[in-house]
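Heads up, there are several structures right after this.
Two complexes follow with chain A in common, the first pairing it with chain B and the second with chain C.
Right, the complex of A and B next:
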């Protein structure tokens, strides 16, 4: 992986959930990194551990039942987040790493105006930089002499909201889904994080709005200089926004590659299977190839490579040994015995 | 109809939007309420009760036809007439004036008890529901202990131990009253905390206690407020019972329960002494119950269809 130059480095991240049915290995040794000013897309089926990954990085995994196992590390700007106290972690949340969610309908508090919620985020940031907690409405002036009000309007303009004065005074229920998601992005960016975790932020939106939001996020990344960890199950979305892609399967990253390389020459049998099952606009019409079977239970996953029961190329070693991510050169990493140490 | 337009106006206020309430929904509820004669009557009774209490509290007893505390033996035990609308008691005090003056006492006791219960129970319940785990377990077991005693008996025991006074009645009722609010608030907090804005607030780095105050409490306030408003009737009833037993208001204070107690020996001869204050209690409590029933029907979509059709 990109080594020392990365903003976020996740190493051997293992998270389990204790449930009545047994121990669920939600993340089973995840390795990935996000560089500065980079969009890393994370794709996978439902239950592959994508959302658990996002929440774990924020340290928002409900515990119990969730638990991050020993030996995991999440290095953010050189600091291991898993070693921070809750109070120190709180200071990373928002201003260091921020998160936007799937449901724009419920991710804004219905009792406050959009403007109030964004201002809360701005005040929190100022308070942090002054090493104090926000109190009431006293923090109206910024260090550079601007007002919170100005910055609010600036934040709304940044996310291309028309008529920001009016929208700032609106309640969430008065806005459309796309507008709410913009407001949400404005709120999270107002804290000026260096990493934004976006957990399927466009899934609940229609295709046109989705395209607008994706373009917006892409542009904002350039303007604000933040990196994005973009979680989705949609390869189309990944193609629009990501620089590099991590493919997840049953709690593991099975392949990481630049977005172009991944689409044009996928290496891992799972990625190849996924690519083949995407319908194309051109070419022959016929039955779409599918991956046989379904993702294994995370309570009792198959031994060795978790993909081997569905893999067309599986051989003896796959049933015994779990493959590690191997550097294939050219920024590509694959966890598959087919490519191991040749 | 004028009243209907008034309801409409109330429904138009942006305040409701601010509380996250669907304005259309509120308007529909108000329309159903105003169409139901019983809940309309209930709301009128409640409005009159509070308007009177506020008027007397501000203007003093001087606006009444007679001083409710002036003893006038010459006019003792007069039956209801135009001169004394509801008659006079054994000390010649005008019963109508005393009943009207009594609204202040009951309004005060009920609002204070409900407000404090809502503050204490609401906060504890919100914390309990939001944090869950051990905190929840402790708070809920404590409320269980309080709810295990029959409310009135426990209040009676506390009030008796503290000694007779209106303040002690309030304290006793508060002890009995808050657990219900804690329960209600906890149940609401459990639903509120599943919302993504709570997760978003955590992701912004707000501390848990800040989330409780800024995001959870404002969202559980509306249902709590509705319950509290309707709950005032039962506080009045219980406060009157304690005063009737002699633990609350002390003579010569004009309080309805106390007036029933003082007048009950005259029931067979001068019935107006105990009956009118009793009717005042009944009508007021009935008013709250009627509005409560109407509101329940209006809020229940299944019953709503019947009302509409």
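Right, the complex of A and C next:
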């Protein structure tokens, strides 16, 4: 999209899963990019493929049953991640790209203290930068003379954890949900990645805690200068954090736009329908506009545009031909026959 | 007395007017159980209790939707289950149609249960995977002793139609349905006994946005057509505002504020409610969240802070807040709040 100025560029990404019920086309030709110091929001309902996208970029899709099809590419800092060996990819994970998940409890190891886990992340980063294998607990001094312990406390302070010495000695179960997610973010940042993939990082949190974490993520990106691929089902959250937004439906990106443009003037009928169906905090309480039906099966999706059975504007061409993302100008791309092809 | 209902000790049971449901000073504690294996190690938890619901009073009128919002640990789900008599309250009273149902047993209890039904959050775990849709929907009829087989089959078909499922779904199993359709099955099951009151416990929280709208519309339509009353429990304030006539905000087992839905959202009085509402992302990138003044997270319902239970997180906490628990009282017409900032001047 924005060409080689991107930190990450995903081109024609296709991922399938072989299941007993048939071949699931989880990602069916995804194109998107993340710029430097940019937050790209990826929004979609369940089954849209947004989590599969995050895992595929990290190359964490289990294979089998998953398979990344020929012709896909994931260019990160000019290198196609799909062409790297497992060992090379390991160096990218953590130091290049980090990932945080919805439920920090399942990503943190319950038998180690939070401090030990963050220190491991710091040591791995240093070992990888020296192209060495990590040496367990031996490495305590950094190249610049600082200690791992100092950097641990610095990482905890960065995520605004009060009393970092105490939290470092705590086990994950002793912390609240919000504290755990902060610790998780500290661990990721300790690896100094240039891209953070955040998969529904605030979905399991209460709304007051969510507000604190969103604010924290926004501030941190300013401070450390990393980019985020922020995956969520929540349009409200997208409006809080994203610079640009990619809307996904049934394994495709159907619209990409700047967050202001998308909020004030969504183009794709799915984006419009989805945004209209969300109840607001103020305003009329009449019947909510709805999209009929639900997300199609990814094993036997409808032909043509996968959204056409639910689309109020569907016409003949939509049933035959899959629309491709078309440049509408002003950083907006839409995959819909209504907008024709140039 | 200015308060129409209070969190205090006064029980105003008979004031002539009978709402559909009246909850008076309801308390539900769960003792912390010590297992035989860890008992000796866990001596610190001996005698401690979880104060899940800690003195809640409210009333719900005919055909009203009363929203109950709160974050995790606020006790909203326990309150719903206690009202359904699924778990006996520690103390307090539940008055349904003027009758104290708190300690009913046997035939009378079955009769009341017929009239108060529930729809759960997760339509997967609340539907038996081995039962066909017709049997799931029919189950409450059987449980309440209805024996006419032909009539019950007819009623199941009526209910499925009412919730927007076609008769061809009659013989299928839950796994053959989407999340939204499963929630429709759960609603049909709640409706078949012709209840007066339905407790909706996060009924759309597991659903996608486009499907949530379908279910909310369905619930509104059913309320109008069948003259139902709803107790709508959720953490989602946008949804509860859209659905409810009045909303109560719960924090650590108590109601801290009650008001008309639009009033609560546009003019919240309690500092907790204010921050709760200020924390909701609007989706509008031009109005991103301001600095959140609330500190930390909800403490454990085992060790309730002394005085006002919100005081350790409250930016306005005064000395009094650390000592005296504020009671719910009517600070503005139809608007109750439990906060010392609004105490009467006297």
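Quick note on the criterion: the second predicted complex is superposed on the first by the 340 of 342 C-alpha atoms of A that agree within 3 Å, B and C clash if a C-alpha of one lies under 4 Å from a C-alpha of the other, contacts with A are read in each partner's own complex, and residues count from 1 in each chain.
Keep in mind that, in the parts below, a residue touches a chain if its C-beta (ideal position, glycine included) is under 8 Å from a C-beta of that chain, and two chains touch if they have at least 3 such contacts.
Since we're looking at a predicted model, the values are computed, not measured.
When the two structures are aligned on the shared chain, A:213 is found in touch with neither chain B nor chain C. When the two structures are aligned on the shared chain, A:295 is found in touch with chain C, with no touch to chain B.
Touch criterion met: A:277 reaches chain C, while chain B stays clear of it. Once the two complexes are laid over each other on the shared chain, residue contacts for A:57 go to neither chain B nor chain C. Comparing chain B with chain C, the partner in contact with more residues of chain A is C. Legend: residue contacts after superposition of the two complexes on their common chain; A:235 is shown touching chain C, with no touch to chain B. In the superposed model, A:81 lies in contact with neither chain B nor chain C.
Of the two partner chains, chain B is the only one that A:184 touches; chain C does not reach it. Those residues of chain B lying in contact with chain A across their complex are 17-20, 22, 195-197, 199-207, 214-215, 218-219. Chain A meets chain C in the complex at residues 45-46, 176-179, 206-212, 214-215, 233-240, 242, 259-260, 263, 273-275, 277-282, 285, 287-291, 294-295.
The residues of chain C lying in touch with chain A in their complex are 71-72, 178-180, 208-214, 216-217, 220, 235, 237-239, 241-242, 262, 265-266, 275-286, 288-289, 291-292, 294, 296-298. Touching chain B in their complex are the following residues of chain A: 58, 60, 90-95, 98-103, 106-112, 120-121, 124, 128, 171, 173-174, 184, 187-188, 191.
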